Amino acid sequence: KGTVVMFHAGSLTMPFEAMEKAFETKYPGVDLQREASGSQAAARKVTDLNKPCDIMASADFKVIDKLLIPKFADWNIRFATNQLVLCYTEKSRYADQVNARNWYEILQRKGVVWGHSDPNLDPCGYRALMVLQLAEKYYRKPGLYDRLLANRPLENIRPKSVELVSLLQTGNMDYAWEYLSVAVQHGLKYVVLPDKINLGNYKEDPFYSQAVVKVTGKKPGEYMDMKGESVTYGVTLIKDSPNREAAIAFLDYMLDPKGGLKILKDQGQPPFIPCRVPTEQMKSMLPEKLKKHVTVKD
Amino acid sequence: MIDIRNLNVHLGEFRLRDVSLSIDPGEFFVLMGPTGAGKTVLLEAVAGLVPVLGGNIFIGGRDVTRMPPEERGIGIMYQDYALFPHLTIVRNIKYGLRYHRLDKETAQKRFGRLVDDLGIGHLLKRYPETLSGGELQRVALARALMVEPGIILLDEPLSALDQNFREEIRLLLKKINRSSHITFFMVTHDFSEALTLATKAAIMCEGAIAQTGSIRDLFSKPASTFVASFVGMKNVFSAQFNGNQACVDSLTIEVPQPHHHSTGYIAVRPEDIVISLQPFESSIRNAFPGMICGMIDQGFLYEVHIRVRAVVFKSLVTKGAAIDLALDIGAGVHIFFKASAVHVF
Amino acid sequence: MGRKGSFFWVSFSCGIMVLTFILLPLVEMLTAPSGAMLRETLQDRNVIRSIWLSIYTAASAAGISFLVGTPLAYLLARSQFRGKHLIESVIDLPIVIPHPVVGIAILGVAGKNHWLGQYLQEFGIRIMGSTTGIITVLTFVGMPFYINALKAGFEAISPRLENVSRSLGASMWSTFVRVTFPLAWRSVLVGLIMCCARSISEFGAVVVVAYHPMIAPVLIYERYEGYGLQYSQPVAVWLVLVCLSLFLALRLLAL
Amino acid sequence: MGRKGSFFWVSFSCGIMVLTFILLPLVEMLTAPSGAMLRETLQDRNVIRSIWLSIYTAASAAGISFLVGTPLAYLLARSQFRGKHLIESVIDLPIVIPHPVVGIAILGVAGKNHWLGQYLQEFGIRIMGSTTGIITVLTFVGMPFYINALKAGFEAISPRLENVSRSLGASMWSTFVRVTFPLAWRSVLVGLIMCCARSISEFGAVVVVAYHPMIAPVLIYERYEGYGLQYSQPVAVWLVLVCLSLFLALRLLAL
Amino acid sequence: MIDIRNLNVHLGEFRLRDVSLSIDPGEFFVLMGPTGAGKTVLLEAVAGLVPVLGGNIFIGGRDVTRMPPEERGIGIMYQDYALFPHLTIVRNIKYGLRYHRLDKETAQKRFGRLVDDLGIGHLLKRYPETLSGGELQRVALARALMVEPGIILLDEPLSALDQNFREEIRLLLKKINRSSHITFFMVTHDFSEALTLATKAAIMCEGAIAQTGSIRDLFSKPASTFVASFVGMKNVFSAQFNGNQACVDSLTIEVPQPHHHSTGYIAVRPEDIVISLQPFESSIRNAFPGMICGMIDQGFLYEVHIRVRAVVFKSLVTKGAAIDLALDIGAGVHIFFKASAVHVF
């Protein structure tokens, strides 16, 4: 029944690819067309570029809250979580030494090439910076953040986090900040960080909120602050969705614990079962078909 | 058949200035002139291939000045033959047929006759690139004749040919002109080519017609120094006339008839001037002693320059004779020419 | 001629350097994926579809260039006029314009805010995210290559052949169809190859105008970004192989 | 010649269509941003830096093409050997290769997993995300244009001039420097312009290899994706204007 | 000065087969042959511009076979002058100076002398494109002479020139050759050019030397039918000899001396055969009645073909004479030639 256009975070590429295949077998009339980019970029495609779009899935549900609601979307379903890890391959420098205790020393060593995605385009980017800020506090190493950044030239920033995977694999980069799910999906080696700094545990939100990263605003030269918070993925239906019916059908599949969420889980990303919305009011705005997958929880 | 009236054309560096010509049906007309005189431009103006600025062109009484080439009933033959390289000879020849209402039988008959006449029957299946120059020109001729144009325009058709082929094609053109009603309009820079072909001719100079008339008149009665030297009268001198005598510088030369002006020109062909080592008594009145001041190589001939007082005469001598007479620059010789060999104008 | 001098050897080394520089990355890339990987990629419907779309859109762009560019190339080859240089420079413009800018510029006039875009919408023509849009972009970047190649081809054909044809009664049209075009077809083919080559390789302009439907370069980029080198290489290998064999076939035709 | 026939008018209309097709989007884009917007953009250090980087890298690519491509072009123009066609085809390869694939292929050999990458690292040369990398990519895509233009230029110079020079005592090197090169410099310039034009417009291959430092086309793309058409247009206008004036200046030199 | 021994060269379609030549210092050597005979290839082999497959080339005693051109001490002059278009005339002439140890004063003196001798003083500041053909060739000559090469190689230096310039340059070459010690090695397809220039010459045919010797020997004593027709003896017939008589077909022709074989060839130059309408009694023994079977146009001459029984003779007649005598195909005429004009070989 036509095409469904979906913008989503780069880190969701592999699970959504699998979901697309499964969904399109189930509904042969529908073609899901996915466009992956940084979540910020994806949102701007809707808000600034007016690109036609049905569904938008973000690696940070706040992107949807801040940029899309209320003008372009009514609700925001949080459907999964994730955590940041430091990825590397066996060919990376000091691959045999790195662990959760010395990673920040290794990242300061000369000749080690490490990077993250663009904080202005991709939540993974500012989250990586947040991890570094939190690490400074957690390990009580004043100035650690600046020293680390000093060893990360601007050139090591890429638009999307998943792009860094290729750079690791070709040996152009030694270490990269990724979501755990991405590391698992691509079979990378990774360092798991303490909960206090990996942004993966919502119970640590108060600690996370000490981290603040400046990102660009609506036009060049304008900035806004992003505060630290646990990694929570959000999805929404765009208000003037060209193919609303089919889009809801996909969301129905995606948020189904036996459907999309299972794929997510299998690929190393812990989903919320059931998914969450913050208020009853928001739940009431959901399409009927989706309400069954959702609970109200802040 | 062709009437050109006050034609003016500007085309890049070339311009035709007030060209008027009239060519009768069936004539073999040759337009001559040095390179750059605008001959090809005039030919292409007749063909409708260059824009005309002023004047008119009539073909068979119709004003064709603004007509596209395909409606003028002309054929063109170029120096480089311009056969269609992607078509076989037979398809080249029959190329124009579809634009002329002609029943199949007539066409086939005409084709057969042309192929026989031109002796190109063995070439029909081949492509132009495999043919020799003479064969190419025959095919080009057949192609043009196939649609029976009223006029055939030829742009230096012999220049690119070897000596042997040239003779062959020359005879062919002459024969076709005589046996058909087709008017020929040929352009060449070589006067000697016109000599054997033209029934009428014109000489062009810098975009204008210098002289027009029968080829024999042009050859023996040039009206200007330019035409005189173009037709090979290399000895052209300005002269003062006094009855049957012309004074060139301090020389007195006997001429065949009195001139109606007191000043004018005389011209003598170099082949009419004989060189000898000895003065000899004969009926020839014009005899002068002189000295060789130049010998220009022309294949198996020398053009020998002989200074007689302040006047330099040019004469033609075979190399064999030059060796026999031991002619060389600085040698003293005698020259002779008949009064009847002197052209006065 | 004596032994080859130092000049020859320097030139020769430069040649080797350039060839290595071009071939090394490509060969490495083409030989990187395993046979199994290649086979598997070939069963991916998205891959097949995108390669097919690439070929189809590039061929369409070449087709459009052929239809509109051929008469223009002829005009430029045959006539001399003031401002001809200017027109030739305009035709070369798409070579200089940065690729994303091409896409942006085309979207600029295709959007609802432009009278052209409104017209197009009335006729139901969509540029953004459509095959039409891709073809438009590819035509924009590929056309100069076609026109330049063909113009050179036309210039090499003696106008005398056309003159003779017209003297035999053929109109300008007949002459073009029966003489000029058959003689220029080799240049036409070379021009089409150049145009296709240029447009099948385009990415930046297309990705701005149409992310979907995905042409092969966009798919390769997406795979590279989303899944890593390993998944993008096999697609690249197939695209390059398909293109090269197509062009080789066309080239052989042109010989 | 009579009135202009229908053939002329059809060709003429095609010409108008092509020119409109090329000029309309570009003119619309160039005139879209307001003067204030343009001035403001010009005060953005990132914009200035990226345009400068674009010019600098494209010029470097042209410089490298000049150094390495010139002798090769000469060799190809002067000698006949088996497999010459093959070599010419290899030199044309970068035109066909989809742009992201170019970037991927170059990254493929520049990483530590490849012996070449290891070598490069030992010498402290980094391709990924570096100016070096950008120049490498631009050289890859621009070189064929330089070599082809120059080869045609060399072919037009009579070898007799070189023969005479050598008979006068000049070595091959002296001959090249004093005769061949001065006679070919116009082709050199045209080749450099073509090479620059091609490489300054490149996006897809560069964005794979180096997102930062940002060349202008990447910046334009980023602005487009991040802020929309409005903010990308002024940058595009400046880049296009700067390029066109540079090329115009070079062209005038070549006349 | 130049010694070529069993030279073999393959270059595309051209091949030289076992070419041996020996040229003395100061000689003006002319290598002739039809187009495609391989003359330019041989010249470029001497210059070191084409790869040698076998054999050796010695210049002034040194084996230069594998030497690069710049070390051979040669100068080259091409038909198209090959001046450096981006340099002024003065810089063209002085181009080679920096490769030859020469103090400034000597160089300047030599330059001044050359410029004077060649009359190119007014051209020095100009660029080649603004010069006429003759001027260009003078400059090319000055440039080659400036470095005082032992040998100057000339590839058809006169072909591209107008008649007037050609004469000028010819005289110049002759003068320079006589007044200097420079050996000239010139290539031409035109035998008549060699006649006035060469002290020694060779004729090439299909990559091999057909005959070599003094120009006078080649002219009057060709050793083969190929050479005979190349040097313009258009009447070449195989003959049976019997004392002072040669039988060609059924004709008996008187020859100047007996042949040492019973069969061989006789050759007569067309300019030595005289045509007349009347038979006339004279000392000339070789007189035959015949019929004109062809007239080939050659500028202001006709080559007239006269069939005498089964033998066709070729004679040269000026167009004026042809018109006077009303010569045309089919006309009956008489031909005469002296026994001394017959070459026997």
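Labels A, B, C, D and E are assigned to the chains in the order they are written; within every chain, residues are numbered from 1.
Note that a contact is a pair of C-beta atoms (placed from the backbone, for glycine too) under 8 Å apart; a residue touches a chain by one contact, two chains touch by 3 or more.
No experiment lies behind these values; they were computed from the predicted model shown.
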| note | Moving step by step through touching chains, the smallest count that connects subunit A to subunit C is 1
| said: Per the definition of touch at the top, where is the C-beta contact count highest among chain pairs? | reply: C-D
| remark: Chain-centre distance (mean CA atoms) for subunit C and subunit D, in whole Å, is 16
| Euclidean distance of C-alpha centroids - subunit C vs subunit E, Å | 55
| Centre-of-Cα separation between subunit E and subunit B, whole angstrom | 29
| Centroid distance [mean C-alpha coordinates] between subunit E and subunit D, Å | 53
| Where does subunit B touch two or more other chains at once, residue-wise? | 48-49, 68
| note | So subunit D residues touching two or more other chains come to 5, 104, 107-108, 114, 171-172, 224, 229
| request: Note the residues in subunit A that touch 2 or more other chains, in rising order. | output: 166, 169-170
| query | In their shared complex, at which residues does subunit D touch subunit C? | reply | 5-8, 10-12, 14-15, 17-19, 21-26, 28-29, 32, 68-72, 74-76, 87, 89-102, 104-109, 114, 116, 139-140, 143, 147, 171-173, 176, 194, 197-198, 200-204, 207-208, 216-217, 220-221, 224, 229, 232-233, 236, 239-240, 243-244, 247, 251
| note | In their shared complex, subunit E is touched by residues of subunit B numbered 163-164, 166-167, 170, 190, 192-193, 195-196, 232, 269, 271-272, 294-301, 316, 318-321
| Footprint of subunit C on subunit B - complex, ascending | 44, 47-49, 68-70, 72, 74-76, 78, 80, 82, 84-86, 95-96, 99-100, 143-144, 147, 149, 153
| query | Given the complex with subunit B, which residues does subunit C contribute to the contact? | reply | 158, 160-161, 163-172, 174, 178-179, 182-183
| remark: As the complex stands, subunit D meets subunit A at residues 44, 46, 104, 107-108, 110-114, 117, 126-130, 210-213, 222-229, 231
